[in-house]
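See the structures that follow.
In the two assemblies presented below, chain A is common to both, partnered first by chain B and then by chain C.
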Partner chain A sequence: MAATMAAKSGLGTTLVRQGYGATALSTGAVDMSGVAEWLRGIVKNSEMAHRTVDAAVADFLEFMAEANYPYAGSQDESLTLINAMGTVKSTHLAPETAMAGNLESTESAGLLFVGIQGYSDFDAKYLGKSLRFLSECGLVRSRLETASLEIEFPRVAHTANLNSFELAQLLDDGEVVLEMIERIQEKADLHQYTHLALPPILGRDNSGIVLAILQDQTALPCFEVLSLPPSVPGLRLQRALDRAMKRQGVRIIHAGVKGFVESQGCIRSIQAVAKETEYELEPEAVILATGKFIGGGIQRTDRLREPIFDLPVFVDNGYTPDVGMGALLTERFVSEQRIFKAGLKVDERFHPVSPDGQVIYSNLMAAGAVLAGHDYILGPGGSGISVVSGHLCAQVALDQLGSEGACV
Partner chain B sequence: MSCDEYEVIVIGGGITGAGIARDCAMRGLKTLLLEKKDFSAGTTGTCMGMLHGGVRYMATEPEVTKLSCIESGIIQRLAPHLIFRIPWIMPLFAGGTAALKGFASAIAQYDELGKFKNSKSHVVLSAEEARALEPSLSPNIEGAVTMDEPGVDVFRLVIANVISAAEHGADIRTHARATAILRDDNQVYGVQITDTLTGEVEEYHATYVVNAAGPWTPQVATLARVPFKLRPTKGIHIIFDRRITSTAVSGAGASLLPHENTSICGLTDKFFFLDPDEVRSSREEVEYLLSAMEKAIPSIREARVIRTMAGVRPLLDQPGTDERKLTRHYKVHDHEELDGVRGFLTIAGGKMVIYRIMAEDMTNLICQKLGRAEPCRTKEEPLPGGEEQVDPAALADGFGVPLHTVTRIVYRHGSRATRILEMCREEPQYKSHVCVCEPVTEAEIRYAITREWARTLDDLRRRTRLGMGPCQGCHCTKVAAGVLVDERDEPAKRGHQEVSDFLQERWKGREPVLVGTQLRQEELLRACYVGVGGYHNPALEKVSQR
Partner chain C sequence: MNDTEQNGLDGFRERYGPDNIVEYAPQESHLLHESEQCINCGLCLAECVVLRNLATNAMYYAGPRSIGTSLSRSTPDFWATSDTIYLCTMCGACEAVCPAKVPIPEIVAMIRAKIPRQERNLVPRAHQGLESNLRETGNIYGQKIEPFPVVQKEPEYVFFVGCVGSYLERESVEHTLQLLARLGVNFTTIDELCCGGPTQVAGVPMVDSLAQHNLTAILSTGTSKVITSCPRCWATLSQHPAYAGKLEVQHVTQFLAGFDWKAMTGRVVTYHDPCELGRYVGEYDTVRAILGQVAPHFVEMPNSREASVCCGAGGGLRGVQTRLSVQIARGRLEEAMRTGAEILVTECYSCLHNFYNARRSTDNIELYNLSEFLNVLTKENAMADYTRRV
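And then the complex of A and B:
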């Protein structure tokens, strides 16, 4: 998000990355709950916080639409979406392929869960049972009737260990979609249902077309449930972001950062190394968006550390050498685990700061899960913080470079 | 409340209790085996699984070592499919070569016992030879001694005994916690249990109640209102994500053993007088083991630790004795003689490898008291799966299941692997891997549920190694929950309970070792079950409660 926004703002932008991180593994849904409050706590300006969140969401939706992977939703209204575990998740922005499954938009529904033989990541029978149970005990506001069936997937030779990406790729072919619909219709009278709930495999590259064929041929709203890793919608989101970056002219380098040069409180150059190529970059501003542990933005060995610039790592507002490591984890798995709030502390312009509050490098900013003080898994905040902080960092870079320049 | 009559009720589904139930059933006694949680859920499931004599006991308890070697050979014959063999390297550190001379006699005696456990004699290696065999060894070693040692899949050894007991007529109850020992004056006549999954209370009557509850033995004795003391010690292991050595290696007070797809490093030995249900590994103990192994394998800290396991040894009470010197002998206690309470017997102490002879001694006593003369046959009759050898490659070919999957099924089930493969033939989608790390098929999961008393995800873990690989259940937990609910025809609520319970149970072992790559994995697992699944949601927790 930061790179796309920076490029859109007219800044020459280069993205250095080693590979895909948590985004490609995610459901693809973006949670916005509590993001404005979180931002207000940093920028100390309520109006600006709201304005930034609005602008970030609008830009994100625009980027996704332009990248041919349209999203829907808003920061103000929550969506309740079914996931592949048979529970529901409250979120705010989701791909169009998931939107018909928003249980907030329906008082009652008759859901038919369609599973695939040999594809164990989507257990249609269990999901049907579970959603009916959640409805009966009031955990979802809609009254749900559910049923399930399993089909043999067309054009696969084997009937076990089918994987999401293999199926999604096959569904990019419209003929396969039609054959799949035929098999569903052979097994069920679709007039009995209001919606079709499908595994999150509706095409790797052509999900919009797959969804359109499904809805057209079945005359029912169809949706993918939210995915667990390995996640086709997560990969779609990542690839859509890549397309958005390229569209805005971002140069993408697949390499790891191995070093940097700093002087007078500024980062002067970055050394990145791919297999056989070394890059020496001399940016005017740097945005660190390396994620939490999955992305490698924060590491824990004998201590918590930020591996590229060796920036101080905080948990909430506490500098981690002052926080006992034992205090970062509790005995109950589902409780808050403070280690997942570990990251960088930033000032109101998203510059990482030292334990005494001083900006460390005046042309370095940080965005996303690498930031301290929020647990994007447990919330509040969620992945929306990545969208908003990325957006804001790009804006700060533009402001700094447009006026006095971040560094002399 | 139901009430059934038995000649023997055995309390405790560890290796000792399972062995006693098998022996009793094979001698025609009407037997009930009760386990408060699941088979091997206590001490047995946290041991390394080595079927060795323990060379370190040669100096202090040579008779225990000899017995262990004899019994090792018997187990190898009864269940050949569950056995693995491994060279065990004991590096010699500074001064070790000279010190070795002092142990020459003990080692020679241990070699002599090797005939019982089918082991080759020890070999003294130079430092170069040792490192050629195991390149990760420290450059500072003076040399090494190797032993040839057998080991066993201990979870499967227990379930094989239970299956055998059941096939000889024993009744089996798991998740059946003894809540009272029924006693009339000085006569124990039965057990009241509570099913911990359903809350149902039941009573079973028996002529003899056997307390084989391992570290919970004193608690069970208290229910019978008789005093009983142990000298329990705690041991922990850390588990790595892969086989980081090709041989077993001893360090300075710890050992590293490649096992299945992992490596296990243990073992600590400290007195533990708290509730055995509360035993957990600490960061300090993890650090102790890493430091102890580091001397032999300097790169050990670069390896990825995925979890820990902790258990309590139910050792015999020897007041004033140091932890490391406590006896590994066992005792069969007749409380009629000790306390004047009839119908109540206790067995305590011992080692996993001698479980069969422990069971034989206990069953001999019961038979003597009942006036029964049936001889023990547990060392002749193979355990289920050990009846004949099968060829994994031929089975893989015949059933169209990948060889690496069939090899694991054969290792766990021996000749009975065909029963699982038949399920794959009838329902081809059952070939799908529920657990990709290990790998465990849907057929094996369903088999464990229908034929091996698995009622929870944690039971399935012990039967099949579900969730024991590097991803620690990230993928398989929710898949297995769906299969469990389907096979047992239970409501979805049970699936959510199982997911929650399994996540919590596994967390206990991971929490002390979350660093490096495993912390990355933890973020992913947490994102799935908390971020997406919402298992932290109190409303979901509330409606899913038992």
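And then the complex of A and C:
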């Protein structure tokens, strides 16, 4: 988001990355709950926080639409979407392939869950039971009737160990979608239901077309539930972000950062290496958006560390260089694990700061999960933090380079 | 006194060899450590071209995640991985997206090197014959191969053809040689043997006599500068310890980038990145710079550069599962045709050959190596002076 926004703002932008990060493993949904409050705590300006969130969401939706993977939703109204665990998730932005499953938009629904033999990441029978239970207990707003069935997926030679990606790729062929619909119709009278709930495999590259065929042929609103990792919608989101970057002219270098040169409080150059190829970049501003543990932005060795610039890592807002891991973890799996709030502390312009609050490099900013103080799982924000902080960092870079010249 | 103290390493090997306890070189131990970084996220499954082509095939392939999480973990059981390990094209697409950067192709090469020591009969027939072919004939095919008759007495460069070009794609090689001659390059070919690179793919020991022969043949011409079209030859001649850094090796695309080219075709051209030129070494821009000059209507395939899709010939798959290999090539060729390209360019004899295998008579697409394509164009355009940039 930071790179796309920077390039859109007219800055020559290069992204250096090595492999995918957690975005590609995510459900694809973007949570905005608590993001404005979180941002206000950093920028100390309520109006600016709300303005930034509005602008970031608008730009994100525009980028996704241009990348041919449209999202819907807004930061003001929450969506309630079913996930593959058989529970529901409150979120705000989601791909259009998931939107018909928003339980906020319906008073009552008759859901038919369609499972696939040999594909264990989506248990249609369990999901049906679980959602009915949630409805009966009043834990979801809608009154739900559910049913389930399982089909043999067309054209596959195995009925075991099927993975999401191979099924999604097969569905990119419209003929396979039609065959799948035929198999569903053989097993169920679709007139009895209001919605078709499907595994999150509705096409790897052509999800819009897959959804359109499904809805046209069944005459029902169809949706895919939110995914467990590995996640086809997460991969689609990652690839759409890549397309958005390319569309805005971002140069993407697939390499690992191996070193940097600094002087007078500024980063002067970055050395990156990809196999046999070495890159020497001389950026005027650097945005660090390396994620947390999966992305490699924060590493755990004998302590928590930020591996590229060796920036101090905070847990919440406290600098705890010597804290043992035991103090950051609790035995109860579902409890808050403080380690997930570890990251960089930043000033109001998203410059990482030292334990005494001093900006470390005046042309370095940080965005996304590498920031301290928010837990991807428990909130606030999840991917919403990345969308908003990336947007803001690009704006700060533009301001600094345009007027102040952070590092001359 | 224990076995090791009494009989040294040989005694240890003799006693524990039957238990499939095998020794590790330091680099191999390092690879095992890297495989342990796998977080089992499954992103590699999305990129594996073999897995993608086997969904509708009765053959079972566990995929790169299993190589990272389980198949690489138990040394005595490496032999049990053979069904999966020999289907990997070693294309590196999995590693390119891996959050933990697990080097799957290198791990596959290491496991392939261990399997023959444990259960030699599990090595596919196509690989089993490689070592004897190399020892007996000096090439991977075990055939007599005619050398190319270009002999200069005091050349500045040696053009190293490689086995696949010499045996399967001679016409393409001849174009490349013609081009170099027309560009005024002072070069020669030699009486070459296989570079030895395929041994690393198949997991058989390097045949040192090959490198000794090639080194002697190259250096006896009076130059150590080598140009080659084959990405594996390029990597082997420049990096393998058997060549000990004695040669100065350029891939032909890098060499041709030293010339100024002009627009020579109005046809739509696309480019396939060979895995061993792209993901293995990060060489993406050189060919595009040349094609940008000669073919103004150049188009990219949706999966290009780091996200390029293997042609299906990599990792020895063409010998092990020919039909699957061609099926993969067919998919890539169809991707090229969907861009509207009339011409698919690559620069790897192995990729080129597999695309020929996959092309149907009704397909409206021509196939070339870049150097071959440039030769055809310069002939058609009555080549003016192509000055070499200093």
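Basically, the second predicted complex is superposed on the first by the 404 of 408 C-alpha atoms of A that agree within 3 Å, B and C clash if a C-alpha of one lies under 4 Å from a C-alpha of the other, contacts with A are read in each partner's own complex, and residues count from 1 in each chain.
Definition applied: a contact is a pair of C-beta atoms (placed from the backbone, for glycine too) under 8 Å apart; a residue touches a chain by one contact, two chains touch by 3 or more.
As the structure is a prediction and not an experimental result, all values here were calculated from the model.
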Which superposed partner A:Pro229 touches (first chain B, second chain C, both, neither): both
Partner chain in contact with A:Leu329 - chain B first, chain C second, else both or neither: first
First, second, both or neither for A:Ile294, with chain B first and chain C second: both
Contacts of A:Glu166 with chain B and chain C, given as first, second, both or neither: second
First, second, both or neither for A:Ala219, with chain B first and chain C second: neither
Partner chain in contact with A:Leu25 - chain B first, chain C second, else both or neither: both
More chain A residues in contact - chain B or chain C: B
Chain B versus chain C as contact partner of A:Ile339, first or second or both or neither: first
Chain B versus chain C as contact partner of A:Lys89, first or second or both or neither: first
Intersection of the chain A residues that touch chain B with those that touch chain C: 22, 25, 161-162, 229, 294, 296
Chain A-facing residues of chain B, complex: 283, 428-434, 442, 474-475, 478-479, 481-483, 485-486, 491-493, 495-496, 499-500, 503-504, 506-508, 511, 514-516, 519-520, 522-524, 526-536, 539-541, 543
Complex contacts: residues of chain A adjacent to chain B: 22, 25-27, 83-89, 117-121, 123, 125-126, 129-130, 132-134, 137, 139, 159-162, 226, 228-229, 292-294, 296, 299-302, 325-326, 329, 331-335, 337, 339-340, 376-378, 382
For the chain C and chain A complex, residues of the former touching the latter: 39, 41-43, 45-46, 51-52, 54-60, 63, 95-101, 279-283, 302, 306
Contact footprint of chain C on chain A as seen in their complex: 18-22, 24-25, 155-158, 161-167, 169-170, 204-205, 229-230, 232, 235, 254-256, 274-277, 294-296
